[in-house]
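Going by the order they are written in, the chains are A, B, C, D, E and F; count residues from 1 in each one.
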Amino acid sequence: MSELSHVDASGAARMVDVSGKQPGARVAVATGVLRTTAEVLDLLRSDGLPKGDALATARIAGIMGAKRTPDLVPLCHPIALTGVKVELDPGVDEVRITATVKTTDRTGVEMEALTAVTVAGLTLHDMVKAVDPAAVLDAVRVERKEGGKTGTWTRPEDR
Amino acid sequence: MSELSHVDASGAARMVDVSGKQPGARVAVATGVLRTTAEVLDLLRSDGLPKGDALATARIAGIMGAKRTPDLVPLCHPIALTGVKVELDPGVDEVRITATVKTTDRTGVEMEALTAVTVAGLTLHDMVKAVDPAAVLDAVRVERKEGGKTGTWTRPEDR
Amino acid sequence: MSELSHVDASGAARMVDVSGKQPGARVAVATGVLRTTAEVLDLLRSDGLPKGDALATARIAGIMGAKRTPDLVPLCHPIALTGVKVELDPGVDEVRITATVKTTDRTGVEMEALTAVTVAGLTLHDMVKAVDPAAVLDAVRVERKEGGKTGTWTRPEDR
Amino acid sequence: MSELSHVDASGAARMVDVSGKQPGARVAVATGVLRTTAEVLDLLRSDGLPKGDALATARIAGIMGAKRTPDLVPLCHPIALTGVKVELDPGVDEVRITATVKTTDRTGVEMEALTAVTVAGLTLHDMVKAVDPAAVLDAVRVERKEGGKTGTWTRPEDR
Amino acid sequence: MSELSHVDASGAARMVDVSGKQPGARVAVATGVLRTTAEVLDLLRSDGLPKGDALATARIAGIMGAKRTPDLVPLCHPIALTGVKVELDPGVDEVRITATVKTTDRTGVEMEALTAVTVAGLTLHDMVKAVDPAAVLDAVRVERKEGGKTGTWTRPEDR
Amino acid sequence: MSELSHVDASGAARMVDVSGKQPGARVAVATGVLRTTAEVLDLLRSDGLPKGDALATARIAGIMGAKRTPDLVPLCHPIALTGVKVELDPGVDEVRITATVKTTDRTGVEMEALTAVTVAGLTLHDMVKAVDPAAVLDAVRVERKEGGKTGTWTRPEDR
């Protein structure tokens, strides 16, 4: 059976040694969804007029959040990110969030993509909470990753 | 109809002026759940032995995450937190996360509680991803808040 | 003659003791201008279409920058900000930047307003540098401050 | 006509993908000037005695500021800096600031040099503001950059 | 027998709830010493000439470090600091470090004073390590604290 | 006689240019000790029961602290860390701290190892201070470093 690589044999947390890994192009895509109400979506869309910053604020927060990953997640390696994209897709009563993160470094960037999604989601939460305090950030997960020794992984349909 | 207070009439983002609000005791409770597999839960529980740091790492990351909220969420006010608690409740194939945050300042601490939950959730994600890359952080939401002008709010059952 | 309060009699830097100051409402307004070309202004304005994030990115960076002031300016006190607004006014070949910062704490917020202006300006610089590497951030200065023992100060016309 | 590479076709902000760029030695030099009064310059110079920390504080703040660039400027890539120098040249009623930043990474370091200049300038602002609240940070601009695909760029005389 | 207040009855880490504590003036003084060689002290003193930044760099790093305490020490409350002073006293083959930190907030500032001392000490370590890699940071401890419910505490002579 | 490389000929602080250095595997090991009382050690050990987070909190703080080194130590280069381990060894009345840090970058990682030790030590300080305000962090020093042009260095026995 597998083991949690982030703790050693005695159970102590550690940042795993990746010195022996090869640098190389890696990509990770993560998604999530902020579920709220149709009324809130109308408000967010109205802000979609010229100069409306609501969605931009969440996009930018997500991009900046990706860069803060090693500050937030204790055992994550600090790595160079070569590209970050955060897409917001407003629906009827929800906003779908997709983050794509790239690196040419020694570890995968799933955590950076997940962090971008959650920080964008938290920022949407913050903006809508006065109108809908019951909003929910749901389904934050990795969809795909490419590169590294394990190669491409795509989320199985049954999860 | 309500409006998004985080953008002004022209649609520009702003940090809302709360100078006129009264300082006072406020509490927020947020929850979320990391859904993974029973195998992973067994691993996390085995780390629950003396010195097993897996859950502790997530708890501490959540507490530290609460303090980073204004760095992450662009329009959040930087406020003094007077208490943060992050509880992890491992189930059969999931870990439930509950964060309770307190302040005596001028704004509510829902965002700090939500940030604590998501950072704890991301940290769990990070630790289990080698074994279960398909784990999902779900249902990140505010359960209750107390204090401030609006008083106590409890999540309605139908949301 | 006055002295620099940030260094003691021996010349050593210090964070001045403000324990004896009274908390109270304070405001500071700072401005600056990014000088670039008419071509760049056209590009920035085109981004002013729905979803165009260029100016929003600078506004949000400025707001977040205000919160980072004590991390950047060594002798600044960490204080609670109760409101931050960053306004961008695109002209023919320049963007004027105005930041308004409020607090109810023990020190003035001129540095926070100036930091908001410069970070917004740096962010504009970053976005236009591929098209106009010769852009200049100019005239970063305090226009007005209110509150505190010294009361209201307005920039003299001859400076 | 050129386009702003920091926003995509839909106008959404993104951190541009530089995965395909070659790492290599790059240098950027930026300058700025804090304009204040002759009286303030006398004070800063007196602090130039043994242990006088005023200019040192600004130099160090500038160096540390360069390292915070990706935290401040939303769409900047986090990159490894291999050298940072901040020079302060006090004149009659102004302090000229020059920052030189080096990297061996995939992007230029103009933003890091500009950030070093502005943070050093803000720190001078902070130290002199009690004596001269009307000080101005002016002419923050790139003077020269070397390396990368575009090679050496020197500021044209007419800008 | 006393208990560790930073963990609850189940052993889980938490940021202790201080909502019920009274704000008030508090001071803490901490000290430490960097032990190195007489040769290094000569170098540090030579840098004590006009513009010599070695000791200033450590002083400023210590002051900035005090402000980063809640980012570094997981269970520390983020509080407003109203004054920070870091004194360096070079001896024959060592530099003594003293930090004094003040607040008017709800918790003591011993950790902020200790953090200022250690960050100043680390910075000295950094500057001397090329010449003396064997330097040691020793005796980092609280000397005195004032204010709060427990009042004044002075370090007992036998510790 | 050697010179302090962190200041230039005029005494001004700088981040030394390491552009010409070769990337390569480097390791540094640093140690320190928190001296407290036997009573405190009993408390820390009792927390060593399932879910007892006291030592885990310090381990994790140390790992995260290593990543913050360039934010804290002004003239340190920001570099990629490829592995961090913090070991705590509780004795009769003290806790020994050992940090091992690895990189494949252009500079050594002694400062990162020392920072991990001190942040772990500060965190222990924080947790025991209510019971033993007189605790002391002692003997923070580099034990060994490997890699780079200077190769392996081991602490001499007489220091």
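Methods note: a contact is a pair of C-beta atoms (placed from the backbone, for glycine too) under 8 Å apart; a residue touches a chain by one contact, two chains touch by 3 or more.
Fair warning: this is a prediction, and the values are worked out from it, not measured in the lab.
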Task: Set of chains adjacent to chain E and to chain F - done: B, D
Open item on the list: Tell me the fewest steps from chain A to chain E, where a step is a jump to a chain it touches.
Closed with: 2
Open item on the list: Please tell me whether the contact surfaces of chain B and chain C are same or different in residue numbering, using the over-half criterion.
Closed with: different
TODO: Mind checking the rotation angle between the two copies, chain B and chain E? C-alpha superposition, nearest 5 degrees is fine.
DONE: 120
- [ ] Please compute the C-alpha centroid of chain C, do the same for chain E, then give the distance between them in whole Å.
- [x] 31
Open item on the list: I'd like the Å distance between the centres of chain A and chain B, where a centre is the mean of that chain's Cα atoms.
Closed with: 16
TODO: Could you list which residues of chain F touch at least two other chains?
DONE: 12-13, 49-53, 56-57, 59-61, 64, 68, 71, 74-75, 80
Open item on the list: List the residues on chain D that touch chain A in their complex, please.
Closed with: 8, 12-19, 21, 70-71, 74-75, 77-80, 105-106
- [ ] Using the touch definition up top, name the residues of chain E that touch chain D in the complex.
- [x] 48-53, 55-57, 59-61, 64
Open item on the list: Looking at the complex, which residues from chain B come into contact with chain A?
Closed with: 1-7, 10-13, 32, 39, 43-44, 47, 49-54, 56-57, 60-61, 64-65, 68, 71-76, 110-111, 114-115, 118-119, 121-123, 125-131, 133-142, 145, 153, 155-156, 159
Open item on the list: Show me the residue ranges of chain E that touch chain C in the complex, using the header's touch definition.
Closed with: 25, 56, 59-60, 63-64, 66-68, 80-87, 102-104
